[in-house]
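Letters A, B, C, D and E mark the chains as written, and numbering starts fresh at 1 in each.
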Amino acid sequence: QEPASVKIGYALSLTGPNAGGTGITTLPNYQLWVKEVNDAGGLEMPDGKRLPIEVVEYDDRSSAEELVRALQRLATQDEVDFILPPWSTGYNLAAAPLLDRYGYPHLAATSVTDKAPEFAERWKKSFWMLGGGHDYTNALAKVLTDSADKGTINKKVAMISIADGFGIDLVNAARPSFQEAGLEVVYDKTYPVGTTDFTPMINEAKASGADTFVAFSYPPETFALTQQAQVADFNPKVLYFGVGTAFPIYAKNNGDAINGIMGIGGIDGTSEKIADYRKRHEAATGKAPDYWASVITYASLEILQEAIKRKGLDREAVAEEIASGTFETVLGETKLEDNQLRDLWWAGQWQDGQFVAIAPSDRPGAAEPMIPRPAWKK
Amino acid sequence: MTEILALSGITKRFGGLTAVNELSFSLAAGEVVGLLGPNGSGKTTVMNMISGFFAPTQGVIALKGEPIQGLAPHRIAPKGVARTFQLVRALPSLTVSENVQTALAFGKQRLWGEEARERALHHLEEVGLAERAGEKASDLTYIDQKRMELARALAAEPDLLLLDEWLAGLNPTELRTGIDLIQSLEQRGMTILLVEHVMDAIRALCGRCVVMNAGRKIADGPTDEVLRDPEVVRAYLGDDHA
Amino acid sequence: MLTTTLISGLVLGGTYALIAMGLTIQYGIARIMNLAYGETIIAAAFLAYVLYGQWGIDPVLGLLIAVPIGFAFGHVIYGLMLRPLVLRSASRESLEIDSILATFGLLFVIQGVMLVVFGSNYTSYNYLNVGVDVFGAVVAANRLLALALAIVIGGGLYLLLTRTLWGTALRAVAVAPKSAPLVGIDVNRAARFAFAIGCSLAAAGGVVVSTYQTFTATAGVVFTMKALVVVIMGGVGNILGALSAGLILGLVETFVASYLDPGLTLAATYLIFLAVLLWRPAGLFGRSSR
Amino acid sequence: MIMLEIGDLSLHYGQHLALDRISISVGKGETVVILGANGAGKSSLLKAIAGMTPADSGASIVFGGRRIHALPAHEVLEAGIALVPEGRGVFGDLTVEENLALGAYAKRARAHANENRAFVYELFPKLLERRRQYVNTMSGGEQQMVAIGRALMSKPELLMLDEPSLGLAPVVVGDLFRSLGRIRERGLALLIVEQNVKMSLSIADRGYLAEAGRITGEDTAANLMNDLAVQRAFLGSAA
Amino acid sequence: MTLKTLASAVFFLALLAALASVPFFAGEYAVTLMIGMTGYVVLATAWGLFSGPTRYVSLATVAFFGIGAYTVSVLSEVLPYILVLVAAGLVGLAVALVVGLATLRLAGVYFVIFSFGLAELVRQLVTWYEVNITGTLGRYIFLPVTPEGIYWQLLALAAATLLFSWAIGRSRLGLALKVIGDDEVVASHCGINIAGVKLALFSISAIIITLVGAIQAPRWTYIEPSIVFNPTTSFLTLIMALLGGADRLWGPLLGAIPLFLLFEWLSANFPNHYPIILGLIFIAIVFVLPKGVLAAVENLTSRRTSAKRPAAGVEAVQ
């Protein structure tokens, strides 16, 4: 019979330790997208009819077991038409085999993993949209060597990373990337989740003589590092932080002190589409999106929306279409290669209040890196 | 006359305080001996060392010739030592019967099941608590809990029974009953070391007394003599009793 | 290097001590194992954030607002929710279980309200983030404030509890609530007061910590557990214990990070905690009553 | 002159009737003992007066002209009645000094703390010697002194003692009753529950006999002392 | 008496069979639900096995749970499945012995927080080991175990745990535990080897908990310390057991099932106000069921029977 609506379900970490990340990147974009689609009358079907989206939402309470169960509930109990993925690498991996088993396309928008090709192979309907650790670290290495070659900075790098899946993936990628690029890692330590005081690490990094300090960090530490580097008057020529650098609140709290700080992600500051997206996001959810995965998340939803428009509610066909089609999204013309989004910005930098993309430098829209960054104002 | 317990040169220190100081005495099998002394003179501490609750700082405690000092209570109990506590220690969430069965189940007889229940009832009868066997121990009055505690100690069928002020708080009639009960135990051949401040009971029960003061032994001998000893009178009895 | 490490360790420890003191009072005196303690800290952090961000009220002034609010909150919660449990509990253990269960519920309520009001985002702001030179080590003024506050509160409470009759009465309630009425102490009032003090200390901690630490509506548990570790390591109900345990943990963490491996800081923290307990089963300053 | 007047005091523990319409009185400065078998309800009576255990409604307890029935324990103390309970109720984790200081926690006593403390130390010189010791490391007799001393610190007009001689060495019992005699001389009324019949009657003015939750007899101490038959009948029957 | 035991046994087996057949007639989601529920039933019952009678409230549950999951992730490719489970149990046992020996002196809240610290320590050490020695953090488990398979394993474990708990309750060991819970001094003076008893029970409880982690691990595919050492697991287990009545055989189960369903229902129906409602319900439960679910149930049934037979009071005590 004729469906009256499209049921879309998701299970997110609305509470618990993962709620912070979910609340910045994932949930607001899902809300924005649903609102926009429904305001426009619903999802367009191949026959031009529009079906409103009906949302089924669960809280996984930041527990993998809950997530697995909630997804199964969505698939077998609520029998939703599509399932949107959770936030973070680990939870997307926990979700992948299930979504695969039930035949749902899986648009993993917030999962950073070097195993993406392998996973795309294993779970045919999974799509990996945020690249792998090597992509980010290779790009960073290039930015650094370019600058070192110009004689602006030395080739020494001090680096710290958080001891969880994300930090370790990146630092494991960074070591070979930096070595191949001829950079010398002079300090390389991992800190546990929950660390709040970075004074010892900053002191070591300061003493190491490196011009570049890299932290594969999560938001609380990114914020803490920024504050503590200021206090310690720690002024390497390049400062690069992890997740959180791209958050709007980062700029709000630190003002122009963060000018020149680099981080993971970035956006094309020249793109009107993105500027428009940011405006809509803020209007609909009351807060600005981050400058990295938000827009990717949103783009993944647009891809889904367009694939549905082309193929209807047949999940098999939709997955097929996502894998092979070309889509017009907020990122511009978008096409997945081997189930992965490869047209990504790997590094960004705060420049005059915007977190603009600086790498890959040959991609249109890339900004010129500002090295050395201005020292902290006293 | 065989010696069942022998303490030689026992010392116990708590931090700076020497609670028991170079104490030696011994008990012959079947003897009922009073351990007397002013409050704080170390009597309970001696009991605690015999039962294994404290390890002596120094000295040897021999039970039937075998050194037991420093062993844990659960190692000493099966060797035939049972006790009551100065402040009763009931097992409040267990029934009165279960309290007694505890001693049966883990004592040397290792009784369990129906047999244990019957034995428990028997021991409760001895102390006059049989009707309350099914009640929660915490519902008993203080004195009844003391009775129950004695039944528990008796259930272990000890060779040596340590009673720490078990008669305290009884009125004259109850005291009489208590004394009779202890005498019946004596008749059975049980060796009893008893700490007590009730002189009537001491006189009635003990052929011999050991008196402590400030951790040291100040007298040891037949009860009448000891209670006339001027030092004992001065330190413990006071002029009223002299 | 050594002095720098020492000083940053003490400063970090100040934070730990600060967040633990309210809990040690609540648990030690009011006998309430308050699992919602961390949520109180976070709520105060949000309060400071709003006061500063919306109305430009300095967090130090914010303390003057948050502390009384915390006190009132604790007073009300105790009266409404905990008092009936205290009244009905026959033993210390049953009260412990009841208070664990009830405050576990409270934890969710507070957290839920914060989620609805503030969402689940990381929240942080900058305040007093300037370096201060202390014996050659540069430390952040906001963290120094936490240390100073910890020492002042810790010392003040210690004197209050040990040197005044009123404080002795609170300790009497802690050690023998059944006997306290015998000397004319209104146990209910004392416990309620202690619980409220605990909440106001949590509020003070929350305000100060928010000036340098990122927080989310759901981060309360982290604080509760850290505080519990400090409280237990110091000895329940012992203010000086909480202060020293906090400082020790801060020092351990900093020394391990500087001289061993930052990756082992938390492992070392727990190792020290466990070692202390094995050495002194009732905490550093605890007197075992078993 | 009557100071404490109790009428129709009943008390239930759940279903169990522990006190059955008790009526007793204590005069100003009078020393009264209650004698009775175990479980007769003596402790329950003292606890009910002290407000530690709620009595059934309908009772009347008047102290110094004031109705104190249903007052919470701390207010009963404030009114001038102190209890040294069964098991002593001392603060084991506090020092002797602190226990005594807390004795004067009541508003009525604060101003007199120093003079009362001096009296307590004079009465029990051992406490002065041990004033820094934690009470739970003291022997039973020493703890009993702390408990009595602490009660005296609240400047009571009526001091109630529940089996104060329990577990004390004879020499201490002698001292204790001498001390109670001295306390009595200061004009305090005493209400004592004791098994040590001889000693307690020797310092008492009057005595009550309690049995199974009721008061079954009352006489002057001298008469009770002499009437051994009465003694045996009442003290022996319940056991 | 024996007839009653027999009847109970038959009923127990029938119930087990009925539960085991759930996958054949109910949907996949039902299986999922049963997995979660059975998992918590086992955790809570195993927890109650040790913590109920001794009143040693342990927050180390997740340490063993996580160890189980990690053992599977490490060994799943090298050993046959059944040996993997055995290995997990053995690792759990080894850790339990070390922990047990270390904690014997602790009491009350000191033990509680110690056990929490211990779980965190294990998590930190595993993290550090993975990061610095094996150089990765996440691990993948690609085992061909179906949800039904997981469910049946858990169900079997649940049955075994309950049976074991029942046997303990009627054994000398059970009495020993109760005595220890009441007064350790008396226990040792009655001849109970406190350390031995505690250690034995703690280890058994730990092995069961480890197995739950091991059996459930394949459901997540990806494992990292923050996932399998999630302290929430310890808290929920404790809360469920306490709520049901930790010192009785059926108590933890009666806490786990309703609470689990409540969680599920709330998060499905009120994802955004879930914590508030849950918290309020929780507080309400504490007030309405002061002695735990089981006691309330018993109260109800005993009131009914005693209403029928007014004179049954005395027998009921025995």
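The criterion applied here is as follows: a residue touches a chain if its C-beta (ideal position, glycine included) is under 8 Å from a C-beta of that chain, and two chains touch if they have at least 3 such contacts.
Owing to the predicted nature of the structure, the values given are computational and were not obtained by experimental measurement.
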Shortest walk length in steps over touching chains, chain D through to chain E
2
Which chains are shared contacts of chain A and chain B?
E
More Cb-Cb contact pairs, comparing A-E against B-E, go to A-E
Per the C-alpha means, the centres of chain B and chain C lie apart by a whole-Å value of 47
Gap in Å, rounded to a whole number, between the CA centres of chain D and chain C
42
Rounded Å distance, chain B centre to chain D centre (Cα mean):
29
Could you put a whole-Å number on the gap between the CA centroids of chain A and chain C?
36
So chain B residues touching two or more other chains come to none
Residues of chain E touching at least two other chains:
124, 127-128, 131-132, 272, 274-275
At least two other chains touched by the same residue of chain D: list those residues.
none
Every touching pair of chains is listed here as A-C, A-E, B-D, B-E, C-D, C-E
Quick check on the complex: what are the chain B residues that touch chain E?
51-53, 72-74, 77-78, 82-83, 85, 89-95, 98, 101-103, 105-108, 110, 112, 134-135, 152, 156
Which stretch or stretches of chain D touch chain B in the complex?
35-39, 86-87, 137-142, 163, 166-175, 195, 197, 231-232, 235-237, 239
Considering the complex alone, what residue numbers of chain E touch chain B?
172, 175-176, 178-179, 181-183, 185-194, 314, 317-318
Would you pull the chain E residues touching chain C in the complex into a rising list?
55, 102, 105-107, 109-110, 113-114, 116-118, 120-121, 124-125, 127-128, 131-132, 184, 231, 235, 238-239, 242-243, 272-287, 290
So, in the complex, the side of chain A touching chain E is made of residues 14-17, 57-66, 68-70, 72-73, 75-77, 89-90, 93-94, 96-97, 163-165, 167-169, 172, 190, 192-193
